[in-house]
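For reference, the structures are reproduced in the following blocks.
What follows is a pair of complexes built around chain A, which joins chain B in one and chain C in the other.
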Partner chain A sequence: MTAVLKRLGGSVLVLWAAATAAYLALRLSPGDTVDTLVGDGPDTPQIRAAIIADLGLDKPAVVQYLTYLWRLLHGDLGRSYVLQRPVVDVIGGQVWPTVKLTLLASAFCVVIALGLAVLTAGRGRWLRGFVSGVELTVVSAPAFLIGILLLSLFSFRLGWFPVSGDRDAAALVLPALSLALPLGGLLSQVLREGLERALEEPFALTARARGLTSYAVVARHALRHALLPTVTLAGTLIGFMLSAAVVVERVFGRPGLGEVATEAVGNKDIPVVLAVVMLAAAVYVALSTLADLAYLLIDPRLRKEAAA
Partner chain B sequence: MRRRLLATLAAATLLATGCSATEGSGTDAGAPIQGGSLTWAVETEPITFNPHQYAQAKARLLVWNSFEALLTHDDKGGYLPWLATAWTASPDGLAYTFTLRGGVTFHDGERFTAAAVKANLDQLLVPGYAPTVAATQLKNYAGADVVNDTTLVVRLKQPDAPILDFFSSPQGAQVSPKSFGSPDLKAGGPSVVGTGPFILDRYTKGQEVHYRKNPVYDWAPENAGHQGTAYLDEVTYRFLKESAVRVGALTSGQVDVVEGVPATEQELLAGDPELSFTKQLNSGTAYSYYFNQTHAPFDDERVRRAFRDAVDLDAVLNGVYRGTATRAWSIVSPASPFYDATLAKSYGNNPSGANALLDQAGWSQKDGDGFRTRDGKRLTVRIVLSAPFVRDRRDVLAQAVQAAVKQSAGIDLQVRIVDQGTANDAIAKGEFELFDNSRADTDAGAALSLILPKGAPINRHGYTTPELETLVAQGAATTDPAKRKEIYTRVQRILADNATLLPLYAPADQIAARRTVGGLRFEPTAGVPGSAYNVWVNR
Partner chain C sequence: MKPLVSIVDLHVSFPGPVHAVRGISFDILPGERVALVGESGSGKSVTARTLVGLAGPTASVRVQRLVVDGHDTRDFTERHWRRLRGRGAGLVLQDALVSLDPLRTVGREIGEVLRTHDIGERRARPTRVTELLDAVHVPEPALRAKQYPHQLSGGLRQRALIASAIAADPPLLIADEPTTALDVTVQAQILRLLAERDGALLLVSHDLSVVSQLADRVLVMHDGRIVEQGPTARVLTAPEHRYTRTLLAAVPTAASRGKRLSTVERLPLPPRVVDTADVVLRADGVHKRFGTRHAVNDVSFTLARGETLGVVGESGSGKTTLARIALALTEPDGGTVRLGDVPWSGVRERLRRPHRRRIQSVAQDPLSSFDPRYTVEKIVGEPLPDADRRGRVVELLERVGLGVTFLRRRPRDLSGGQRQRVAIARALGPRPDVLVCDEPVSALDVSIQAQILDLLAEIQAADGTALLFISHDLGVVHHLADRVLVMKDGRVIERGPASRVLTSPTHEYTRELVAAVAR
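Take a look at the complex of A and B:
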């Protein structure tokens, strides 16, 4: 029980710290929200004063910050400075498309990582080398390039998938693949490393001696050992997808949080940025909790330690 | 493809001599057809769909689908009736009487009357609603009197000829007074409606906006191409920010029309027999580098002239835009009726002259890297580009100019591409020697009054004289196009003599479409893609 409370308290602290850090970063970075709103248009002291008063930016920074926290406690995320709509409306419609994208990308990621690692762990030198090389190439390629290449081949040339938007399942495949390829490549590298180390352990030899095929040893025994570091990394990487989604959403003309967040940061639209940061922080907290739970599932030794 | 390219070049040459500004290839769409739907990929997702809040030239093509103004621009710098059938100015210029069209309804069923126009004007003056409009376009507005349903008198504090430009601008578009109660008023969308030929019925942020035909529409202006309802039943604008993706979507038949085709993609399209391509130069000002005269080295006219002469701009533009860019010679775009064509070829590509001027100005030594120095200080000038506003390969252009001035005159041009906050900061602190700007205003005069007078928002170059101030004010107060042309010609020559700026190229908008699409056009005067009202598709 105390553990759960501790965890919860910790999560709230993380959210508060994330919001505060983002707020400070935006306040300290050069430029001014009003400059952004005025843009290259007519610019007079009256126009500026009107905008400042309209947004409540005339109060001291501390008061603005405390007001923000106070409203947050009441579940009010405020209004977007630039889009002139409640933040909940701005973000609300964008969450599900991004979640959908991330989920499918995660699924692809798991399939790619597991598939490649299990098939190539401890295999012949050239196959392993070739797959590993492809993985490294994909990991190092910018998401933008992967997206454009996938589009050129599967959408523009072959016409299998639509180019853009959040319509049906088919429209989700290419964006999810562009997200999943680099991460899947990375996870596969980590997983293969873990598998190969596990296969060198004495228990692997024992299992082989019992007559198990090499694939069965990998699937039933080595995999569990190799999964721990992979799950730790995966928890972080899925959170990382949110930032990778920025590029993918842009290339594929998809709605989503990434694009909203980039534009908000560029425009210094503080309420929107803070909401996205809080959301991302919440996702991280949830994912790390899930990862911790997954450890217990994967490794029985941890279960006993937790019970003790 | 080669032939198309030659045609483009030929048209560009015509443009340089100040002729018509549209060019392109034909379509096979045949006669107009009622019905059907169309998908149009656009580069920019508007920040707002409320025309009163309009601030993005790239979003203009959406505005006139669902909203309309009292007047519209013709192609000669004058106005045509739209929601107002007639207008007269009082002899003292302090009152404008508008006769409004009867039988017009907003999409929510409300009648369009003089009271609605007055409600729009009142709304624009609500504090915090549209501060820019209130402080500029309506700065001389004193009030409006509803005489009857179809007659409105607008009173002014002092004569203000550009008020007619306001009544034909997106900010002057008519919004249903019922919409003013919408919680999304400032953002716009399905709940903020106008009188236009299409009804905005669906908006998915980050993806697309969808319009359907307004079935009762019957009040198009006379230059709209036809009368009655729009041809299309439905039109979807998809937001595709990457030009390569837009073009790919068009060539693979997933969209029918794209807007914004950069030079690198134009050759790709020109070879495709199923596609048509048109482009038009924007009116307003040319994309230019302005010299900051408030401190060294550009406070010295000789250094400004040297920089202007050091660049072989034709070669630079050709390299960066592959012959698709139209060189500018003046602050005013060659597409504007006010453009002074005599400035063409009056300067430039004169490295020996540039070097002589720099020697005279004291920048006569050279350091180890080949840059000129004076008193041990290198001739360094900085330009700061704000990344969100970098389009049209302007970053590559800056680097090409950088290389050109280094090679021919030993000038060290430092190009920084930064976020908007940092750019604003650098400008506020005066940490720049050059700044870049182009304005897509329908009226070049409106742009000049933002750039030239002392203290004007874009007067970052610091050059101003009483004569220039008077001329800009006169240009804004005069209605006679011939008189205005005379005034603005004088302005352009003063700026050229002073070497206030290095004009680079005339910004253009491009439309590429499948040949089955007909009726695509550019808006007169503004030079930006028009609405979908007159577009049809022959499947």
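Take a look at the complex of A and C:
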């Protein structure tokens, strides 16, 4: 239990560090803070006065920093002076399509990785080599290229899925696939290597000597061992998916954080950019904490050490 | 009586090509205990695994006749093999820590056999698992069934592994080095447990004392062939084949003191001189605590020039911590250590460094103490001065029986015995007064062990080097040591001349240790 609390405490620390780094980036960037915040948006003395009042720029630096943290803690990410709206509203409206996309992509990713690895681990050289080659190809192709290929095949040629937009579930399939394929390929490689290593361990031989089918040895014994390295990687990769989603959303013309982020960068809308960065950091932290906790679930030996 | 296992002209080869088993034939009768004895690479494990069709995916098996439990297995499909495994023959490997799935409870591992072969009702299985653990004398079986292998002691783990192998009550149990990773007293318990069972047993082992306690009949394997077979008593006392004789001569015992182990004739070793007036290493009341545990508790000893002090004890008794204190790699919490005339504990490393060359170490697994990217020349030459380094390295290599051709080799390309020779050459480089040997022969085959022990004795006779020799193997210590310390839970519970301590021990625990290896 204390181990779990320690991990959670650690993740709070990481979030605080990310928030502080974002704050410093904004403050230490060359030029006047007000200029930075105004960006390419409307620039009037009223807006400038509002920024100074909002951020308390006339107060001492420490007070400013603490106020910033305090607001962040209450979910107040500031205001986009370009769009003239609170940042929370700007992002909040676009989070769900991206989350939907990432969740489905993660699910695809897990299915692809598990399916390929379990089917090919320790099997004939020919099948294994072929699958491994395909995996390498999709891993090395950028997600948008896969997206374009999928589009031209399944949407333009076959007409199975809509070309763009976010009208129904079908519109989600191709973008999710183009995100999931490279990551699934990578995960599958790691998982298969773990499986094959576990299958060479004496306990796998003992299990086979009990009369288990080779499939049962994989499912009941080797898989859990192979999951250990895979879970860590999966945590990082799914966090990475968020940034890959930005590009894929553009390719498929979907609403989502991708649109928000690219617009914000284009317009130098710093508060929105910072908010996206903070969101990404939070997701990373949440995922890696989950991965650590999953470790404890998978491996009883770690539980013992954590308790000691 | 119809044999349970019948093998005629078995060949197993692996890509390479490695011809691991070269035409062997033997039978096992129901209830008979047969031992396959041999050194690593002799093909004994491969033979045992072939009996359950698990020689490996790359193995190619050629055989005239292979009958197991009444089935001709030559036209077996994978499905047939699965029905035989567990039910017709159970397999026990060494070291249950890795032979039981570390991520599953031992109860689930044992229950898996029942589940796979659909034995008994589903709801009755947990009870059956408890009964099985009880049958192999695991105390509190219901509690143990819910624990993971790492939560059990080595002995209990091995019992659980055996319970899983006999869960479906197979007429044949195959035990591949079932006691190798265990302490001697635990080893004796496991052997008694295996002896209790009525069914047939195929015991695979390199350890002749284990074999002598358990087997009715012995098959000696060498290079994939059976070179000799017969009743255990006959083969072990009146061996006919030269290889069996070499193997037996190589076993260190009380009787082999002062003799060479690596020759069948047991020629005498060169005489050595012990100068009791010249104490090269002395420990007084040494303590070391890790947390609340006393790893080393009030240990004192002296080591004279040319002398061998044996330290025996089971795992966790504090032997290795004592070795590290002697090498000044671990600072004791209390007590003092002196290296000859120099204070060796409680002083700054700067003051110790000029004297470090006087005490050198040889570890159990030299591979992990070598930089894998170094050549043998660099490994042995590292502690030597620049002047004529190569000449000195060659000289050292020749002393340990390796030639100039080894200079460019890397640790991975060496056999276990060659690696240990390189480790000894490296330790001898700075011409030390003391060699600390921590289980230096435990990982070696008995014939290689014999060569290394002979080598150590020769070096001692020539240089007057003192040995602090740590081992769990009483036979090795009896063969080599002048005096013995017996350690248990960090304390020295008995000490004295090897011939007295190991033949008429006074402490209860020493008696137990000695009894466990009595043959």
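Rule of thumb we're sticking to: the second predicted complex is superposed on the first by the 235 of 308 C-alpha atoms of A that agree within 3 Å, B and C clash if a C-alpha of one lies under 4 Å from a C-alpha of the other, contacts with A are read in each partner's own complex, and residues count from 1 in each chain.
Keep in mind that, in the parts below, a residue touches a chain if its C-beta (ideal position, glycine included) is under 8 Å from a C-beta of that chain, and two chains touch if they have at least 3 such contacts.
In this text the structure is predicted, and so the values were computed from the model without any measurement.
In the superposition on chain A, contact of A:Gly256 is made with chain B only, not with chain C.
In the superposition on chain A, contact of A:Ser188 is made with neither chain B nor chain C. Looking at the shared chain after the overlay, A:Thr213 reaches chain C, while chain B stays out of its contact range.
In the superposition on chain A, contact of A:Gln46 is made with chain B only, not with chain C.
Once the two complexes are laid over each other on the shared chain, residue contacts for A:Ile298 go to chain C alone; chain B is not touched. After overlaying the two complexes on the shared chain, residue contacts for A:Leu205 are found with chain C alone; chain B is out of touch.
In the superposed pair of complexes, A:Gly159 makes contact with chain B only, with no contact to chain C.
Residues of chain A that touch chain B in their complex: 29-32, 35-36, 38-44, 46-47, 50-51, 53-54, 82-85, 89-90, 93-94, 97, 148, 151-152, 155-157, 159, 162-166, 249-256, 259-260, 266-268. Those residues of chain B that touch chain A in the complex are listed here as 41, 47-48, 53, 55, 127-128, 131-132, 134-136, 184, 186-187, 204-208, 238-242, 244-245, 248-249, 251-255, 388, 419-425, 428, 437, 439, 450, 457-458. On the side of chain A, the complex with chain C involves touching residues 122, 201-203, 205-213, 216, 220-221, 224-225, 298-301, 304. In the complex of the two chains, the chain C residues touching chain A come out as 49, 52, 54, 57, 82-87, 89-91, 93-95, 98-104, 112-113, 116-117, 148, 150-151, 161, 164-165.
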